[in-house]
Amino acid sequence: MATPATERTVSLRETGPAERGSRPDEVVIALSPAFAGEFTKTIVDLPHAEVLRQLLAGIEEQGVTARVVRVRDTADLAAISHLGAKLSGSGIAVGVLSRGTAMIHQKDLPRLSNLELFPQSPLLDAEVFRKIGSNAARYAKGESPEPVPTRNDQMARPRWQAKAALLHLKEFDCIEADRGPVEVKPVFELSHA
Amino acid sequence: MDTRLVVGVDVGNSTTEACLARVGPDGAVTYLGTALKHTTGVKGTPENADGAVAAVREVLARAGATVGELHTVLLNEATPVISGLAMETITETIITESTMIGHNPATPGGEGLGVGVTVPIGELLGDGRDSERPVIVVVPHGWDFDDVAATLNSAVRDGVDVVAAVLAGDDAVLVTNRLEKRIPVVDEVAAVEKVPVGMLAAVEVAPPGRTIRTLSNSYGLATVFALDPAQTRQVSPVARALTGNRSAVVIRTPTGDVTDRLIPAGVLELRGAGKTLRVEVDAGADAIMDTLARAQPVDDVHGEPGTHVGGMLAQVRDTMTDVTGQPASEIAIHDVLAVDTIVPAEVRGGLAGEVALEHAVALAAMVSTDRSRMQAVADQVAAELGSSAGVGGVEGAMAVRGALTTPGVDRPVAVIDLGGGSTDAALLSASGETTAVHVAGAGELVTKLIASELALDDREVAENVKRYPLGKVESFYHLRHEDGTVEFVDEPLPPHVFARVVVMTPDGLVPVPTRHTLDAVRRVRREAKRRVFCVNAVRALRQVAPQGNLRALDFVVLLGGSALDFEIPDMIADALAPHGIVCGTGNIHGSEGPRNAVASGLVDAYAEEPG
Amino acid sequence: MTQNAPSISLGPADYPLSINHSELLRTPTGKALSDLTMDAVVSGEVTADDLRIAPETLLLQAQLADASDRPQLAGNFRRAAEMTAIPDAEVLEVYNALRPRASSKEQLLAIAERLEGHYGAAESGALVREAAEVYERRNLLARPEQA
Amino acid sequence: MTATQPAPSNRRTSRRTEILDSRPVNLDGFVEEWPEKGLVAMESDFDPRPSVRVEDGRIVELDGRARAEFDFMDTFIADHAIDVATTEASMAIPSDEIARMLIDPGVSRRDVLAVTRGLTPAKILDVVKLMNVVEIMQGMQKMRARRTPANQGHSTSARDNPIQVAADAAEGALRGFAELETTLGVVRYAPLVAIALQVGAQVGRGGVLTQCALEEATELELGMRGITAYAETISIYGTESVFVDGDDTPWSKAFLASAYASRGIKMRFTSGTGSEVQMGNAEGKSMLYLEIRCILMAKGAGVQGLQNGSISCIGVPGAMPGGIRAVAAENLVASMVDLECASGNDQSFSHSAMRRTARLMPQLLPGTDFVCSGYSGVPNADNMFAGSNFDTDDYDDWNTFQRDLQVDGGLRHVREDVILQVREKAARALQALFEYLDLPPITDAEVEAAVYANSSNDYPLRDVLADLKGAQSVMDRGVTGLDLVKGLEATGFTDVAENLLTVLRQRVSGDLLQTSAILTPAFVPLSAINDANDYAGPGTGYRLQGERWEELKKLRHVTSATNPETEVS
């Protein structure tokens, strides 16, 4: 959707073990083991750079700060998101899997619950990720955002169900057991395709 | 006379109540129990018999009595009251030729005022551009915020005097955060392609928490656009429409205009007291109600055909025809209640889905048909139960009689029955005479006002907002009640209520889908109740009070379902207090609360004069 | 068979019982199939309690299943015959107790004892005992803090 | 729909490639195998080798695993599903010989069952792996439990509108579904929709069995009250970890099976290929191997039948090489261990109409107990099971397949005037019943809409608030199936009341608890006992002939031979 012929890539620079934040105005973005690493785009080929940029933009536009962490020892979305929420100064985190599935979580909720869940990865585009970031930031500010509208498509099953399973398995393969979450700094670069 | 078992039955609009009593030879009454059923059919029609019989059977069963022991069933003479509701907006804001973008995006960027010529971003870096004059950049859909910022920065570096920007997407904060020069940016202008190019325009963004100062001021506009007095007069609606916004864009086009006009809503014709009075609906609720008061008692109300109000009343009549089977021509509207309200509506001709708060009038109308058929109901009840049954008294008279059993009440006493469709009042004078009235407007109108003012699509939510107190879920472990108290919970609250304004229903917390704060929702709720119930209480009491003088009333007893509401009785009591009236929720026989007044009144009347 | 099996011996040709052997069928309230008429329903003589299956009928169906070489289905019917005596709420309670990590071994054994002792439900009790044993081996008992 | 088109490439392509690329089939997803992780349909080197060892009347080794290492699936299968007395003998028979027995008309179904009841999961897999899809169909033709094939329909509404559910259930019943299933968008609507389904079904054709898919406790309660007649959504899985993730075990599900039987309610389990790998815990086994474990678990629990054929995971085997063959094989395995099989074809499967049809053939041609475990009796947009492989738009195609190939898929063509009649009657009966039960009224306009409607959009909107209160009151007041009977009788729908009472009476006899049981229009229970499949080669078993064939010759437009200027229908 950018101006023609530009595409961005992202690399994640590890800056050390992820710590619990103290700022009440921050949202943590918790990434799965293979996000912007083993994989570079979601199930519908949306570049991970764009996913991250839009999430960050959504948070920024609400005047809230963001911290990005990579979770390495699980590929379970609820676990990733909940861990992110516990690290977040506001208690709010967005968790994202490589295939695009995302969730907004809060630290006091049971792990298997959530504030908002976006299970249909094939239907998540840049605009939706912006809204997810924005809503997470608004929760952090104590506001009451309208939940991001979720879409549904009966024909997603024949097209995406098996690929989603494959991506899920691949992501599981990237799990590094017993390694804690690390804080990362996303570095975006412009490439002219 | 020997001891007799009698049942009083009150057929109401929605519920049918029964009250079983033993009447001794001396007329002493012993109450044995009560039962409550849904009313079957429209009140006052033969279909009521089913509900009445069911209520009688239940009250007997509860007391362990049989139909065979029953002496008689007493029914109330009920005026079938049917009500209708309608609402019309009476103002409308129209923008012609895209002169103004006055919407309030949630997050505009930068601050200050920029005045310049509109230029599309695509042409900013092209050759032959005019680098002399200040420029307001217009950015269409599909532009990434990083690219917009980079383009603007490089244009500024090239010497272009960029003073403001108007964006299609929701990117204002992101763009301004990345600009080297700070300018005001307005975003979420959905129809940005309709913004005229090459025109002088002004963009203003106020700091967070403030509203714009220049574009909402007619002389500010005159200054910015160098207008003469005649032109200034012309743009004053623009200024008015922008008042209270945090951001705005005004574009000066040769013929553009914003109008804030009254929709001709039509004339309401009130016939009564031997005269026919006319009032313009767009004059507002107060004017309508004043005129109505001059036409009391009202025989019929008509709306000017072909106008909104004509349509509204026709719709009410059609509903009545459907339920009563009476031809529309025979249906007389005996009362209306007009209420001013505010409805958020999208501005016609707007470029960004601008919403203006338009004025509207809500009308509740009420018909009382003269076709009460309670005798037929009584006959049918008698046939089904094999006992005798008859009409034991008129509803209003029976209600005050029942109300009189509330401890601490004496004649003269007035009752107010707060229903769903109508508010009813009756007075029992010191000398034992009763007068009764029904006025239009009650619980359903309150729900409708709440729904439209809060823009709630879901009637269930509006109904809940009306019925139960509010709260705000501040964390998973605590919530703040509307009175400011905080309640902590042990189990985390469910995620769907997190950070939301909620209604505290008996079934749990229900989120209210609104951007309004708790205080705003509470204000809307209380105002709706005040405008309907308090206004109607006073209005109805005036109609039954001697010479319309409220001071002549001593005791007012509230009855009916709404008398159980958590705040309405207090609000009415407050409204009546200046008139020196003792007002409170009834407690029939000192035990039944505001229920069962009519049914037990029937029994009492019978005990005094066994028919 | 652990329960009082009906003395008659049925084979596949006797199916369906509702047509071929309605004389063998009784509701738990003792009514015959032919008593369940519309008139009886309208007059209130037949209530919802009359439309349940009797344990004896389940044992007859178990015979038919056995005779059709379906021993597992027959076993299911025999457990069901035992369970007709257990109230709905308790049936759901036992089901929930059998979910993974929902009960300690002691809790499961107590349920088995109640089934066997209170309801004479030997086969259902055995199923619960077996679960307790497998759950212990597969680490599916409630963890101490959850018990 | 919204699935994105394959990304455009800059290379020049031929016009033909462009056309091919725009075909609907290319909107479907296809994935390479990854057998190490279980992303493989049925041919994997990582599946166990068949073996069994019995000591002291107990299986101590199963498919290469010693008893001490058994997970709970192995344990349950070894102790409940496999016949210990015959297993060593059966396992000794070479797989190709068993495969031949399956397709040999000279070997009776009973003789095959004598062998299969002693087989382990790996052995069964070894057998069906030898069979191509035609052989699988030939096996199914003989091994299906009930001789007469049948079909099941869905009747749901995107607005949970009970009038729509009743009208479409009536039409579906009239068209031939032996079972009808519904589910909800808003769960609190369930009591009203379940009542509507029951009324519609009994108007369309007396004796049709109904079901409402909900969480276990509510589903069981509606069943116990006699508002529904059977249950189906009791899911089981092929690995211990996924089973536990689903918060169940073989023992909890076996107990639930007996609970249903103890209330006289027919019930079947649900499973299917692909669910384990979809949930990320296939333990490196092929989809079919894991499904065979499910089938044997169901067998061991003593449940009479199984809904399988991948069901909601159909996109997973559908994307794999040989995946639809594996799905056909799983249906066959259910039948060859003597379970009722409701054989899938019940979820949106492909963008391509041709591929949807091809996927159906292995079940339609040989016939199964229920060819679809949910043919959408409403337009797919109204299907609250997220769409089926076939919907109301496909009725005439289906009827034409039956007529072309002379096979019985359980449906038939019905003339428009007859359909309109039953739709109206269903809506009227529900209107009367709602009034009788003091539920929110159904207007004449709604009845009128129901007669001519296609989808939920064609009905006036209901007062949802009032409906939900009504639904709650049905639960609070303890309304039962018997109350429905009384209401229908009292409001003049005597025949419908009789139909429903007869269905309710069946639960006293327990006849519907037997394998593959359905009720005929004459209310005769038809199961694998009195309608046992007796296929023994050409000219035997179920044949589409006589009156039924005459019925299936009819279509919407058939030119009359007597007067070619007219059509018969």
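Worth a mention:
By letter and in written order, the chains are A, B, C and D; residue numbering begins at 1 in each of them.
The definition used in the following text is that a contact is a pair of C-beta atoms (placed from the backbone, for glycine too) under 8 Å apart; a residue touches a chain by one contact, two chains touch by 3 or more.
All values reported here derive from a predicted model rather than from experimental measurement.
Looking at contact counts per chain pair, the maximum sits at C-D.
Ranked by how close its mean Cα position lies to the mean of all protein Cα atoms, the top chain is D.
The distance from the centre of subunit B to the centre of subunit C, with each centre set as the mean of the Cα atoms, comes to 56 Å. Subunit A and subunit B have centres, each the mean of its CA atoms, that are 43 Å apart. Averaged Cα coordinates give subunit A a centre that lies 38 Å from the centre of subunit D. Centre-to-centre spacing of subunit C and subunit D amounts to 25 Å, using the average Cα coordinate of each chain.
Taken residue by residue, subunit A touches two or more other chains at no position, since every residue touches fewer. A list of each chain pair in contact follows: A-B, A-D, B-D, C-D.
Within the complex formed with subunit A, the residues of subunit B that make contact are 107, 142-147, 170-174, 177, 474-477, 492, 495, 498-501, 513, 515. Within the complex, the subunit C residues that touch subunit D are 12, 15-19, 22, 25, 27, 33, 36, 38, 41-42, 46-48, 50-54, 57-58, 60-61, 64-65, 68-70, 72-77, 79-84, 86, 88, 91-92, 94-95, 98-101, 124, 127-128, 130-131, 134-135, 138, 140.
Residues 1-3, 6, 53, 57, 60-63, 106, 108-110, 113-115, 130, 139, 142-144, 146 of subunit A touch subunit B in their complex. Interface of subunit D with subunit B (complex): residues 438, 464-465, 468. Residues of subunit B that touch subunit D in their complex: 38, 459-460, 463.
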